[in-house]
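Below you'll find the structures, each written out as structure tokens.
You will see two complexes here that share chain A, one where it goes with chain B and one where it goes with chain C.
Here is the complex of A and B:
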């Protein structure tokens, strides 16, 4: 029987922890909310749980119901988990996913002045647990919702850890995207004063009813609550572990600034909303790797990737590795039919094989230089491309073809450290 | 017999390339400077070289000799290769390392107004070829020079690709550093109008005669030629593939701004110059890995690291991986006595195992969270620590102890995207 919500004392190897037992995403762990607000995880194995008090889990019937307002646009919210899509029940300390529209509206009443929101929750997981199968599932949900005539746009809530990877995945999987998709997360949980998920959701809904038919991350643009920035799903990275404005555009500027009052300042070219149906191409290949190179890295590790279909090397500078030791084993992989692409661990800028002999040697041997594509986007794109075709020539061609704004011929002058 | 400097035509699988044959760092490749300025590398195997014209390699005896000026400080320049330490001979197109002081002074006459410079060149390689053995060698050279009473400081010239890794390596290897060490590179070669190496060298020499006894990277602070920034060797990353101001401080601000006229604005606390001798601790362990995590990454890859002594995981967000699949194999490695440290692929901020159950589970199983240490620095530090001791408890202790400014308890408010 579950003790979730109960006040408990957990004994674990001589230490005692008192708190409220939370729902744990890891079935091998107890998750406990301590009185100091921190959550601790304790392995079930070796833990002894003593119940100190019973939970009061009965949620009050929320009086805020979705009263559909015909003058407002309809937005579909797809909840996948993460900090933003949870709320802390102050009676029990338990973290609940906000799967009930009433929960959501109760938390952020402004939302119902902007749109009618329907909620679905295909999963509820920490975003570090996301993998290509989850991307497929989310893409399917989003397309199903957006292909309903009455839906203006979608908002996906997601943990921030890998939010940018999922943003890229949805961008590729949703072909002919006709409506806006905002991916929204929160860096601070809703039991903290600095909770950012509320404003991000409001801005996300404003984005979802806009005319920008692109997948974009929508989160704080500054460390204050001034505005959010919408960044193209293929051109964004989480650059800070905890700041609310952690998501920054790379080699470009945001698509738009979005103020909580609905004001939308556009800063970039974008795809326009249209009425054609979206095609879902949600197959991702799982035998794809992203390998960050470092000085002294032994090429022996490449032997472990011989059964992979594709590899992105996050090289140094303009796209380099030590060719004296790496050229031969990389060439071997390429000759086996494995795609090898090159990006840079310098976040900004573009790789270029023509400046130094190192790059030239690599490109001559079949390593494909991926211009100004982010490493994370390149990994996602390669997984997606290999899900669509096994023809290596097609793969090589598609990887250097700009499909979803992931490649740009020149950088915006204000892009560096935007 | 070498054809370096000769005008040649190289035939390679049906294509013909005409240009000046350059010195190649890769013994399997011909390196050719085409008339458009680009360098191409062509595999020796399968290439046919036809000499079109003989080189004129005889360097003119340079009239600029080092006339030692007793009123100026003495600086030791250690050249390791890379774009900055090369110059293009316009007669031949060949790239030569600047190992002769006269070459250097001839290029940047301002230098001899600031200091008397002695030059040594322990190696001449592209920086992507650097490995821990090179770090040891450079550290030995730097210490030998700095332990001479008459030397005020050192300037190391280095390719920019892995300059920040070497900066961290020297920081750890030079214990009790008593004098400044500037690591200087160039993003643009000296045959381009935007050549940055000259100003970087001038600023590097100004740094080397300052009172800051730290290893610092010294490169452009802006995309113009206004000033350089000196960044602590353990807190700096190359964030752009090609911009001249690519090297940025992470989680801190620069140690100093340095203007080419010698003006030095200090922005940060630093170690002060002293007269004690430097101890060289230049042993680095090579069985150390840096692994960047990505969604869907199979933990099977960890099997390839079972003979390693230490691993840095570049996790997501606050320092996470998918514990559902990774916790067990990571625990296995840790039980074998392999050190596993956690950093974040979000460049800025700090990892924290106490916010979510994921982090708690990892830390409970022995993964060591490395605060606000850069992944690159963590890799270098772990290689160095394991070079000093095999005692795993000592390793765990040293990795979370601030030895060279690599860990800070709080971030500077202006640090993000500085």
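Here is the complex of A and C:
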């Protein structure tokens, strides 16, 4: 029935179009690739299709010969999906995850000069589909790779939408991290000449062979292709929907600037590479919520969370909600043993319960103020902490203790709008 | 040269900028000379096309591994031009304009238009591709040597402007990137340079007839495809002056003949036309492998009802005929028909003022004044012409004062204010003034008397009337 992939001639109202029939997402339209390369659509109604023969439209996979260079370090690349591992489906025109991650290496030949890269793909999903189960799976995978003596570091490719959540999740789940883990994404797809993920991957691999034993996001530092910034996985947020340099450090400065030629400028204190094994603590509690408070918001929403184990409220300013309506229902939840933490919707800065009476009332009733922790990080951390313990006193203690650089007592003077 | 025996076959590819906003962003399509607000430095990498092959033309460019520096001006550039944001839907005005052009070129229009990405890796597009779509096919124009087929009419984005380069980098300005371009490709049906010239001029005339194409240097670019018997097709890029076509074609024919006589392969390349009419190798001819769908934009469905209701503009050639009938001479008719002010002229014609006076005022007087005052970029607003001729039609100013009025307006006075000085005086008042001059200078010859009177009247009276009064007084 289907003539897709055939060479055809389509007659439509006295016009003739010759080309290859493509798969059309619209049932009322024939989609045709003309010999000059242009795609055109013709209404099915009124068109006559004449098959001329079979077209040669097979996508030839790049058969990549990976030869190991013994003088280069070994890096494990773990592909999870997203733009950086997407390709255009030329039949439908849609963007799909790459199924063969080796394709990625074919596109960026420079990588082979920096390290021997082994590629694995535990999953291939868009980042908005990520959930705590995926975090666990990736953490287990990364730890297994890094615990191999010959592997110097790991690069995880990830869709950018929730890349910073996964970065925080891996930071908590990989206890005693001994080697670098770069999480890399791309804001432009790999089909274009302006693919930004190429430089991000190159810099990610440079990071993976460095001595910084931390989980960091590695993406463009500016709109130019000049350097990437490595940001600590717990202190980074996607601040722009589409720009290359969307990932910015919050309440801190980057761990390092990394240039594609391998130059690494360090800007912050970091954990040093060591040789002890990593312990994976990859259990995350799923009954955890992140709620953004807005003026006029009814506390009724809290009723949905009565069987949850913890809630992060992204409050206003220094960490406030309308106590007139919210104090009572919040106190009720806390009394049931649910952890309630407070962060701010002002991305930068620190929450403080003592400046206004609102904050004092909330903290007095058991709301925990989470210092300068990012809301997203607080959510991931709470999910992880509750995965490790159910003891609410321990949870309250761990949430205000700095475990992985997610919380600092000193506010960096040059961190704002870095 | 005997083009017949040589077997010359030539086709044209004409690129014309449209005078609308940018094609896929809502930015103004204005060029600038200002210092850039920001600069961005990028690299481009070779990509595998739809067919799994890296396009030859594309890989040729990436092999140079240059840095591309982009000058960003906030006045005409958005994140779309810097390749930091997905494109917006196609500019409505540009789309409607290309439908108009398709109809003027007797084309069949594509029912569902898919915007494509054409891989370009010389850095002239920040994305690494040019957005382009096929809108019309299978048209024709009439010429003195018969019909010339129009193979395709394409709507696409213009590239960024190359402003400088050195060994390691090329600098582009993003002001031009995204300006809508119409690309018209003819079949290789021209067999001598005169015919190429005529066809190019006719297509240019049709485009200008829409009144919505950009004018001036760089706004229209012509490429010529040339082949001779025994050789393949060569594309000559950047023919600036169509008048030079004879020289360019001849020199290319000679080059191809030389190559063929040495048993070298001819064809499959793009060459850049140089100032001396010879050409220089630019890159291999691109293949269709460099084209794949623009996934960030939906397919455009042609609305045939709307398309057929578009009112077609009067062709400049038809307009010129109309002006000749009004009594304008050949040169003026042609000039005003081609002018961007022809619509202003048409509107002022309704006042029934002498057409030649209107045309010369708009075309020449304005230029003379600007030359005298050394002003280049400024233009008389359309409204000024409407208002000034309306004053003249209502006898609020005199015919002889137009030039002075225009000069004072250019210097910054308002028309309201200026016109007060050029009110025509009544016949009886004029009689009195002239009588007084004649009486006190009775010994002067007639010519001098007229001169004195005219300068005293400072353009407030018609010269013929003054002469007539003096004639009678000195009888």
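Throughout what follows, the second predicted complex is superposed on the first by the 337 of 418 C-alpha atoms of A that agree within 3 Å, B and C clash if a C-alpha of one lies under 4 Å from a C-alpha of the other, contacts with A are read in each partner's own complex, and residues count from 1 in each chain.
We take it that a contact is a pair of C-beta atoms (placed from the backbone, for glycine too) under 8 Å apart; a residue touches a chain by one contact, two chains touch by 3 or more.
Predicted model only: the values in this text are computed from it and were never measured.
Touched residues of chain A were counted for both chain B and chain C, and B has more of them.
Within the superposed three-chain model, A:165 lies in touch with chain B and out of touch with chain C [touch as defined at top].
Using the contact criterion defined above for the overlaid structures, shared-chain residue A:211 touches neither chain B nor chain C, since it reaches no partner.
Within the superposed three-chain model, A:42 lies in touch with chain B and with chain C [touch as defined at top].
Once the two complexes are overlaid on the shared chain, A:175 sits clear of chain B and of chain C alike. In the overlay built on the shared chain, the residue A:294 is in contact with chain B alone; chain C does not reach it.
Of the two partner chains, chain C is the only one touched by A:15; chain B is not. When the two structures are aligned on the shared chain, A:31 is found in touch with chain B and with chain C. Once the two complexes are overlaid on the shared chain, A:199 sits against chain C while remaining clear of chain B. In the superposition on chain A, the residues of chain A contacted by chain B and by chain C overlap at 26, 29, 31, 38-43, 242-243. Contact residues of chain C toward chain A in the complex are 40-48, 50-53, 58, 62, 79, 82-86, 108, 110-114, 116-121, 126-129, 132-134, 137-138, 152, 154, 287-293, 295, 299. Within the complex, the chain B residues that touch chain A are 22, 24-26, 28-29, 31, 38-43, 126-135, 159-162, 165-166, 237-243, 246, 248, 284, 286, 288-298, 301, 303-304, 314-324, 327, 344-352, 354-361, 364, 376, 379, 383, 416-418. Within the complex, the chain A residues that touch chain C are 12-15, 17, 26, 29, 31, 34-43, 57-62, 88, 90, 93-95, 106-108, 187-195, 198-199, 223-226, 242-244.
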